[in-house]
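Shared between the two complexes below is subunit A, which has subunit B as its partner in the first and subunit C in the second.
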Partner chain A sequence: MVFLDPQTLIDILLIGLSGTLICLAVHFIPVGGAPAAMAQATGIGTGTVELAAGSGLVGLITSSYMYAYEPNASMPLVMAAGALGAAVMLASTMLAGGLIYAYGVAVPFASAQVKKDPITGERQDIYVSKGTQGQGIPTICFVSGVVGSALGGAGGGLIYFVLMQYYSPLISTSAAAVAGVFTMGVFYVNSVIPSYGVGGTIEGVHDPKFRRVVPKDVFTSIVVSMLCGIVAILIAGGMS
Partner chain B sequence: MSEIKEISPNNLVLFGLIGGLIGVYLSPTLPIAGALGAICAVIWGADAVRRVAKYGLGTGVPSIGQIALGMGIIAAMFGLAIMKSQPLAGPVVAVITASVIGFVIGWFAQNVIKMKIPVMIRCMTEIAASGAIIILGYSAAVAGNYDFVNNLIPLVFDNGVILFIFWVGAVAMLHPFNACLGPDERQKRMLYLAGSTGASTMAIVGLAAIMTLGASGAITMLLGIVLWLIFYKKFWDEVYNDAASVVGTGLIPKTEA
Partner chain C sequence: MVLDLTMSMAILALLGALATIAGCLEDLESDVGSQSNPNSQVQLAPQMGLLHRIFNKAISGEPISNGMSAVTGGTVAAVLLNAKFYPLTAIVIGSFIAAILYGIYATTAYAGRVASQSRFKQPLYMDIMRYTTPSIIGHNFIVNFCLVTIAYIQYAVLGYPFSIPFLALIWGISVGAIGSSVGDVHYGGEREFQNREFGCGLNTALSGRIVRKAESGLRNSIDNVWFCAKFGGPATGIGLGLTVFFSSWPTTIWGYTWTAMGVGVIILVVMIIMNRLVEINVKKAYGPYKEDKEEKEAGAVAHTH
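== the complex of A and B ==
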C-alpha cells in the first residue's frame, strides 16, 4: 500500500488540518439563526451551515481560480486566495445585514454576552433591549466573523490544493471538478459538526460558549477529516 | 398519536436500501431505474431525518440534509473509484463506506459533542447511506452507467450536473420533514411529500439526461413529472384528510370586564 509513504501521511494530515480549520471557522462567525433574523439575538440572521458553507465555497472558487491561472502557485498562495475570497464574502454579507439592522429594523448593535466590546471598549449591556439576546452585529462580532471566514476559506483552499496534486496527473482536465466536489463534501461535513456543538447560535470569539465547545468540536473534526483524507487519497488509486 | 399506524423504520430501511441498489444496478440497461432507485432512497432518508430531527437539533433540519449529501458524495466517489476492477461491487462499497462515515460522525455527535439524542448514531448511519444512494442513483440516471472514470466524470462531474444533484438531492431529503414538522405531523403525509420531492428531482434529472444521453432522458423527465403529480395529489389528499380533524374553537368569548 502507498499509505506508509511519508508524503501520503503528510497529505492526510493536511486534509485533516484543513477540515479542522473549517470547523474552527464556524465558531468565529457570529451566527444568530432565526432569533437574529427577528433582531432578537446578536449575529447574522441565518444558520451556521449556510454562513460557513457560503463563505467557504466562495473561498473555494477564488482559490481554484488562483490555481487554474497559476498552476505552479505555492500552497500559501492558494490558501491566501481562498481566505481573501471567503473574508470578502462574509464581510459584505455582514455589511448588508448591518445596514438592514441599523436603518431597516432600527436596532442599536449590542452584544448580550460581554459587558464591554473587547475592541472598542463601548458598553453593551445598556443597549440590549429587554427580553432579547442583543441585536445586530457589533464590532467584535464583525471582526471575529472576518477572521473566521478567512480561516474557513484557507481550509477549503488547502484541501483543494492537496487533492489537485493527486488528481491532476491522473485525470488532467477533470481534476478540478472532482477535487472541487470532494472539497464541497468535506466542507459540509465539517460545517455541520460544529453547528451541532454550538447548538445553532454563537456570537464569535468573545462568546463564553466558544471556549466551552471548541475543544470537543475540533477533536471530532480532526478525526472525521482525516478519515475523509484517507478516502480522498484512495480515490486517486482508483483513477489510474 | 399512538393509534396512528406508522411504517416501521426497519421496513423503510429495507425499502430504500434494496430499492435503491436495484435501481442503481439496473441503470446500465435502463438509466431511468437509477432515478427510481434514488426516489426509494429519498423516501427512506426523509424518514430517517424525521426520526432524528424530531428531537430538535438546534440548527434546523436543513443542516442534516446537507451533512447527509456531504457524507454521501464522499462515499459514493470512493466506492465507485476504488472498485474499478469489480464494478459490480462499487455501489455496495459506497453504501458501506457511507454507513461507516455516518456511524463515526453519529458516534462523535453522541459521545463527544454530547447531543443526547438516543437515535443519533442509527439515524446518522441511515442518512449517510441514503445520501450515497441518492447521489449514485441520480448520477447513474444522467450518465447512463455508474462507471466512475469513463461515464460519471465526463458526463456528470465535468458539466457541473453533480452540483445540481448534490443540492436538489439534499433538498429532496430535508424538505419533507422541514415542511411537515409540527404538532400534527404524520408519517404518511411526510412520506408522500418525500415521494413528490424525489420525483420532481427526477424530472429535472431527466432534463440533464436529455443533454447527456439524448432521447431516453425525455422518458425519465416525463415519468418524473407523472410521478410528481401522482405523489403530490396523494400528499394533497392527506393534507385535506388531516385538516378535516382540526376543529375550530371559535372566537375568544367576550367577557364583561
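== the complex of A and C ==
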C-alpha cells in the first residue's frame, strides 16, 4: 500500500501542516471587506480570499523560481522565498492603500478594536470617525499583515517543495505545472475556511476575534488540508 | 536561463514598468465599469430611491474577473506562439480576444444587474452601455497586454517553470487583488461620496446615497474614471509595480541565498516605517474626531476646584 510508506505519510503530514499555516496566516491579514473600501472599517478594502490568494500566489512564483534555479535549495530557503514574495506583495498593497486613505479620502488611520496601538502606544478611539468601525491601516495592522502574508507564502512554498519532490521523479517536465496548480488549489481552500470564521472582516492579531476563531478554523483546516494531501498523493497514482 | 546582471536588471525594470501600467489601468477599468466593493453602493442607490446613470457591472470579484481575462489572453497567445506567430502579434491578438470576451461579460452583467432592479424603476440606459463598454474593453486590453507580456518574458526569457497561461492567471489574480484593495478606496471612499466635507469620514448611514450630479450635467462612469485617474489608478500601479520589482530584486542581485532574504526583510521594515510616517503625518494634519474624554473630565475637575 502506497499510503503506508513512511515518506508518503510524512508528505501528507507536511501538506496538512502547510495548509494549516496558510489558514492561520489569513487571520493575521487585516481585511476590512466592502466597508473598508468605503473607509468604514479598519484594514484593506477587499475580501480575505482575494488578498490571501493574491499574495500567496506571488509567493508561489518566487518560491518556484528559487526551486527551479537553485538545485541545492533547502526546504527552509524555498519557504523563505515564498514568504518574501507574499510579504512584499501585501506590504506594497497596504502602503499604496494607506496613501489613498491618507491623501485621497483624508482620514487618519485608526483601529476600532483597541484603545491604544500595541506597537506605537498611540490612542486609536478618538480618531475613529462617526458611524464607522475605524479606517485606514494603523501600524499594528500593517505589521500583522506582513507577518501573516509571510506565513502564508512560506506555507505555499512548503506545499510546492513537497509536491515537486514527489512528482518530479514521475513526470519530470510537467511536475511544476501540476504542483503549481495544486498549491493554488490548497491556497483557495484555506483562504475560504477563515472567511466563515471571521465573517468578512478582521483587523489582525490584536482583534478579539482572532483568539475566538483561530482554534476552530485551524482544526477545520488540519482536517481539510490532510484530505488535500491524500488527494495529492492519490493523483500521482496515474502518473507515469 | 541565466543572464548577466545588467540584462537581468534591465528585464526586471521592464517588468516593473509593465506591472505599473497594468495596475493603473486595471483600477481605472474597475472604476469606469464600476466593479468590486464600491459597486455595492451603485447597486444600493436605486433601492434608496436614487436613480443614476452609472455603469453597474460586477462580473465577479476583481481578482477572478481579471484572472479570467489574463488567462484567456495567455492561452490564446500560447496557442499562437506554438503556431510560430511573432511573440508581439500573438500577445496582441490574445489580449484583444480576451478583452472582447470581457466586454461581452460586462454588457451582460450591466443588463442583468439593472434588469434585477426593475422594481426600483432603475432604467437601463442604452447610450451609457454604448459608450462605456468600449472604454471597458480598451482598458482591459491594455491590462491583458501588460500581464501576458510579463508572463511571456518570465517564461521565455527568464525561464520560469510555469507556463504562460498559468503565470498570466497568477498576475491577473494579483492585479485584481491590488486594484480592489488600493484604487477602489479612492472610488468608493471619495468619488462616490464627494458631496461630503473632505476628510469627514463616511458614516455607514450614508450607504447608497451616492453623488449623481457631475461637474456639468448628470454624472456617469466616464466622469468617475477621469477623477480616479488622478490618484487611485496611479497608486494601484505603484502597488503592483513595487510588488513585481521588489519580489525579484533581492534574488536578482544577491542570488538564491539567505542574504537576499535578509535584504527582503529590510525592504519590508522600510515599508512599515514609511506607513508609520504617513500615519503620523495624517494624524497631525487632521487631528482627532472626538475630544479625549479623560482629558475633558480632568479639565472639568480642575475647573471646579
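Everything below uses one rule, namely that the second predicted complex is superposed on the first by the 240 of 240 C-alpha atoms of A that agree within 3 Å, B and C clash if a C-alpha of one lies under 4 Å from a C-alpha of the other, contacts with A are read in each partner's own complex, and residues count from 1 in each chain.
Here is the rule we use: a residue touches a chain if its C-beta (ideal position, glycine included) is under 8 Å from a C-beta of that chain, and two chains touch if they have at least 3 such contacts.
Keep in mind it's a predicted model, so treat the numbers as computed, not measured.
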| item | value |
| --- | --- |
| Touching partner for A:T93 - first (subunit B), second (subunit C), both, neither | second |
| Which superposed partner A:G238 touches (first subunit B, second subunit C, both, neither) | first |
| Partner chain(s) touched by A:S63 [first = subunit B, second = subunit C, both, neither] | neither |
| More subunit A residues in contact - subunit B or subunit C | C |
| First, second, both or neither for A:T220, with subunit B first and subunit C second | first |
| First, second, both or neither for A:I171, with subunit B first and subunit C second | first |
| Which superposed partner A:C228 touches (first subunit B, second subunit C, both, neither) | first |
| Subunit B versus subunit C as contact partner of A:V181, first or second or both or neither | both |
| Which of subunit B and subunit C A:T48 touches, first, second, both or neither | first |
| Touched partner set for A:A80, first subunit B, second subunit C, both or neither | second |
| Overlapping contact positions on subunit A, where the subunit C interface meets the subunit B interface | 33-34, 47, 49-50, 53, 177, 181, 184 |
| Contact footprint of subunit B on subunit A as seen in their complex | 33-34, 47-50, 53, 171, 173-174, 177-178, 181-182, 184-189, 192-193, 195-197, 199-200, 213, 216-217, 219-220, 223-224, 227-228, 231-232, 234-235, 237-239 |
| Partner subunit A, residues of subunit C touching it in the complex | 2, 36-38, 40-41, 61-63, 154, 158-163, 166-167, 170, 173-174, 176-178, 180-186, 188-190, 192-193, 198-207, 231-232, 235-236, 238-240, 242-243, 246-248, 250-251, 256, 258, 260-261, 264, 267-268, 271-272, 274-276, 278-279, 281-283, 286-292 |
| In the complex with subunit A, residue positions of subunit B that touch it | 57-60, 62-64, 66-67, 69-71, 73-75, 77-78, 80-84, 97, 101, 104-105, 108-109, 112-115, 148-149, 153-154, 157-158, 160, 162-163, 166 |
| Interfacial residue positions of subunit A with respect to subunit C in the complex | 33-40, 44-47, 49-51, 53-55, 57-58, 60-62, 64-70, 73, 77, 80-81, 84-85, 87-89, 91-109, 120, 122-123, 125-132, 135-139, 142-143, 146, 176-177, 180-181, 184 |
